[in-house]
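Data block below; observations after.
Chain lettering (A, B, C and D) follows the sequence in which the chains are written, and residue indices restart at 1 in each chain.
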Amino acid sequence: MIDKTVPTVEAAVAEISDGASVMIGGFGTAGMPDELIDALIARGVGDLTIINNNAGNGEHGVAALIREGRVRKIICSFPRQSDSHHFDAAFRAGKIELELVPQGNLAARIHAAGAGLGAIFTPTGFGTQLAEGKETRLIDGRHYVLEYPIQADFALIKAEQGDRWGNLVYRKTARNFGPIMAMAARTTIAQVRHIVPLGALDPEVIVTPGIFVQRVVESAPALAAVA
Amino acid sequence: MIDKTVPTVEAAVAEISDGASVMIGGFGTAGMPDELIDALIARGVGDLTIINNNAGNGEHGVAALIREGRVRKIICSFPRQSDSHHFDAAFRAGKIELELVPQGNLAARIHAAGAGLGAIFTPTGFGTQLAEGKETRLIDGRHYVLEYPIQADFALIKAEQGDRWGNLVYRKTARNFGPIMAMAARTTIAQVRHIVPLGALDPEVIVTPGIFVQRVVESAPALAAVA
Amino acid sequence: MNRLNRDQMAERVARDIPEGAYVNLGIGLPTKVANYLPADRDIFLQSENGLLGMGPAPAKGEEDWELINAGKQAVTLLTGGCFFHHADSFAMMRGGHLDICVLGAFQVSIHGDLANWHTGEPGAIPAVGGAMDLAIGAKQTFVMMELFTKQGACKLVEACTYPLTGLGCVSRVYTDMAVFDLGVDGAKVVEMVEGLTLEDLRQSTGLTLTLANEIEAA
Amino acid sequence: MNRLNRDQMAERVARDIPEGAYVNLGIGLPTKVANYLPADRDIFLQSENGLLGMGPAPAKGEEDWELINAGKQAVTLLTGGCFFHHADSFAMMRGGHLDICVLGAFQVSIHGDLANWHTGEPGAIPAVGGAMDLAIGAKQTFVMMELFTKQGACKLVEACTYPLTGLGCVSRVYTDMAVFDLGVDGAKVVEMVEGLTLEDLRQSTGLTLTLANEIEAA
């Protein structure tokens, strides 16, 4: 019997080691796998490459990872936020490398990795600073920039429900990057509000098939109630 | 009030004219929009470019379009089937042009069109006849073939339920090419088993958002009961 | 001359959005446009974070922080709306499925180049988000901005000096003083506020401006 | 020498599929492998037409023609299975998410080149389907075939003469006479049926064959 559920967030992140590349789902706080990130911080590994839409704000999640000095490089579309002082300080001090990627290219490059493409000609960024030095091509009268897939060793994502085969469904705009990061990471770890029995999820509405998920852990109930 | 439903299949296909490119959903008979194809045949237009996984079998659907001499070119992955004699005859007589595409490239090229990519480096077909004359590239130790998007003027697809905004859900393996063809065609026409009131479809489980669909028509009840 | 205030600008943009349009309103000023879309018309607002059919803000105390817009504000979903993942959301934008997007800008060139993501100042932390995707993806990209900065510099320019968001992507600019159509032939004045003349506009902007076919006073 | 029949070959392949594997069984001969997968192990069968967790054929009269496999036969869905569209289905294959795919073949080269889609005969209508995607996508591609054609030609060859499906993609070949591992160093014999010697195999195939580390009689 295959059972991808694990009892604790600590067990869920136990294979992540120094130097790993880690995708983290979420857009703003929606879909942010806070408890997995906390467990990753507690694990103490560093030199990480983080792929997330933002670079953290406030004192939690990605911001805390940066504050603790665990992040060597971040690939994101929108690092500058009202309360992103930990990223700002690390960036200005030259302690973190930033790869700034237009959000649609970020999504498409993650999707391309999951789908096995070698590279994609994307319409976004042509003629801008963010395409400097990149190969471009005129196709059918339109300019495109060649972009490469973004893969990762791990993805930490948040879903609403998951089963022991790793099938997931999400809730509202917390879905965001979860499904495509699950496809692009070698090991995908999903924090879910509820682990449900196999068969409880309608096969027509499963958003992430279990093939893309390696670990499922239920959020601590007390925290889930607050979230 | 926006209402994309139309009363008859004849009205649904009324804009398709000679020389149009038309994607047709379905894999085998599952998801094949038979009534829309019948209406297209009845409309009498020709010189069509058809994009479908197969090239029709028996006497219905794509096979009937070919039999009636309406198809100038077909883009598909698997034209040879047990009962594909209309295609076979037209092909051997030089009356139909065939662009044979590996099924994954077909899906990825349709998806690329819907997603606005200019071209994609795909892993499939390298070193084979089907990549002859195409640009290739070695990326990160693996060989890829450059493939271009497949767009179309129209897509004819079949879904289970649809509403007046064009939102669709599918049934089992009848989903297949429907969602990506809807994204890749300028005008997507969906034949559905049931038109449902706006709001009847759970926003979490809508597979094709209405933005990708321009017309929705309900299958004739008598035929739907047989299907 | 009666310059439009920001609400009047939003109202003016809203008038050009037809029923049935799929629209993305960028963060900041363009979000005001939603307030002026008539409730009895079906207009479909898309949010980059995976939402189509976005409704107004919820009542205070009824926020759901898993139902937010691109600006991370709590929103609602209209009956008939739906959710999807980020690749599908940006496929909508980049694949040309949106009819209109409305963006703010630092500068727009008379040929439609857009600069709205980065001031380029030394030490400024760049952040692009979905701006570049929106700019080049929609069938029509509208910009909504005051024509002049607080310092008096004209934001409609011959050529942008700020880092570009996209090339030749803006088709129309709505400002507090006039509405302009942009293109390869340069900027054409579509409308001016009462009391403003084409000559005034030419002088204050320093641009070669022509009149579009139909000119009407706002 | 006791050649394996097709069911025995299927049974032999099934023995190499571990619990938890995501597997695609190609149309034709490989579909037989499903009959020998133990029901008490969770093994996930994928079908290219948008199905994961494929179950056995339904009882006669209970077919649902919207629930079919790649060979267009009626199938069932296991509890925990799900449906998805074609781009997602081929992303599973091409993105390296399948552990194993099992394919039939016209020819396989000792370096793992595969020919299984087209005889190349004049007048033959080519059809490729998902063969090329499967061949190069899965982590391991197994081929299952009789070692010789009915005309006595060896199907494991130095270099394929039929049009190729993929280059260097097959890692293991299961035949009625022996199992071979393929790679840049050529073909290694993993197993032979009772009564067959390496020398017999070398003579009948005309190939330079070596033994893999552990050789066992089937």
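Methods note: contacts are C-beta pairs under 8 Å (C-beta built on N, C-alpha and C of every residue); 3 or more make two chains touch, one makes a residue touch a chain.
The chain list, named the UniProt way, goes like this: A, B = 3-oxoacid CoA-transferase subunit A; C, D = 3-oxoacid CoA-transferase subunit B.
Computed from a predicted structure; not experimentally measured.
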Contact-richer chain pair (by C-beta pairs counted) among A-D and A-C: A-C
Centre-to-centre distance between chain C and chain B (centres being mean Cα positions), rounded to whole Å: 35
CA centroid of chain A to CA centroid of chain C, Å: 29
Centre distance in Å when chain A and chain B are each reduced to the mean of their C-alpha atoms: 33
Interface hub residues of chain D, defined as touching at least two other chains: 77, 83-84, 87, 90, 93-94, 137
For chain A, residues contacting two or more additional chains: 108, 115-117, 122-123, 170-172, 204
Pairwise touch network: line, ring, star, complete, or other: other
All touching chain pairs, where touch follows the definition stated at the start: A-B, A-C, A-D, B-C, B-D
Chain C - residues contacting chain B, complex: 19-20, 22, 42, 44, 46, 52-53, 77, 79-84, 87-88, 90-98, 137
Interfacial residue positions of chain B with respect to chain A in the complex: 108, 112, 115-123, 137, 139-140, 142, 144, 148, 169-172, 202, 204-205
Chain B residues touching chain C - in the complex, by the definition given at the top: 1-2, 113-117, 163-165, 167, 183, 198-199, 201, 203-204, 206, 209-212
Interface residues, chain C side, partner chain A - complex: 47-51, 64-68, 72, 77, 83-87, 89-90, 93-94, 118, 123, 125-133, 136-137, 163-167
Touch list for chain A against partner chain C, complex: 27-31, 77-81, 87-88, 91-92, 100-105, 107-108, 110-111, 122-130, 143, 170-180, 207
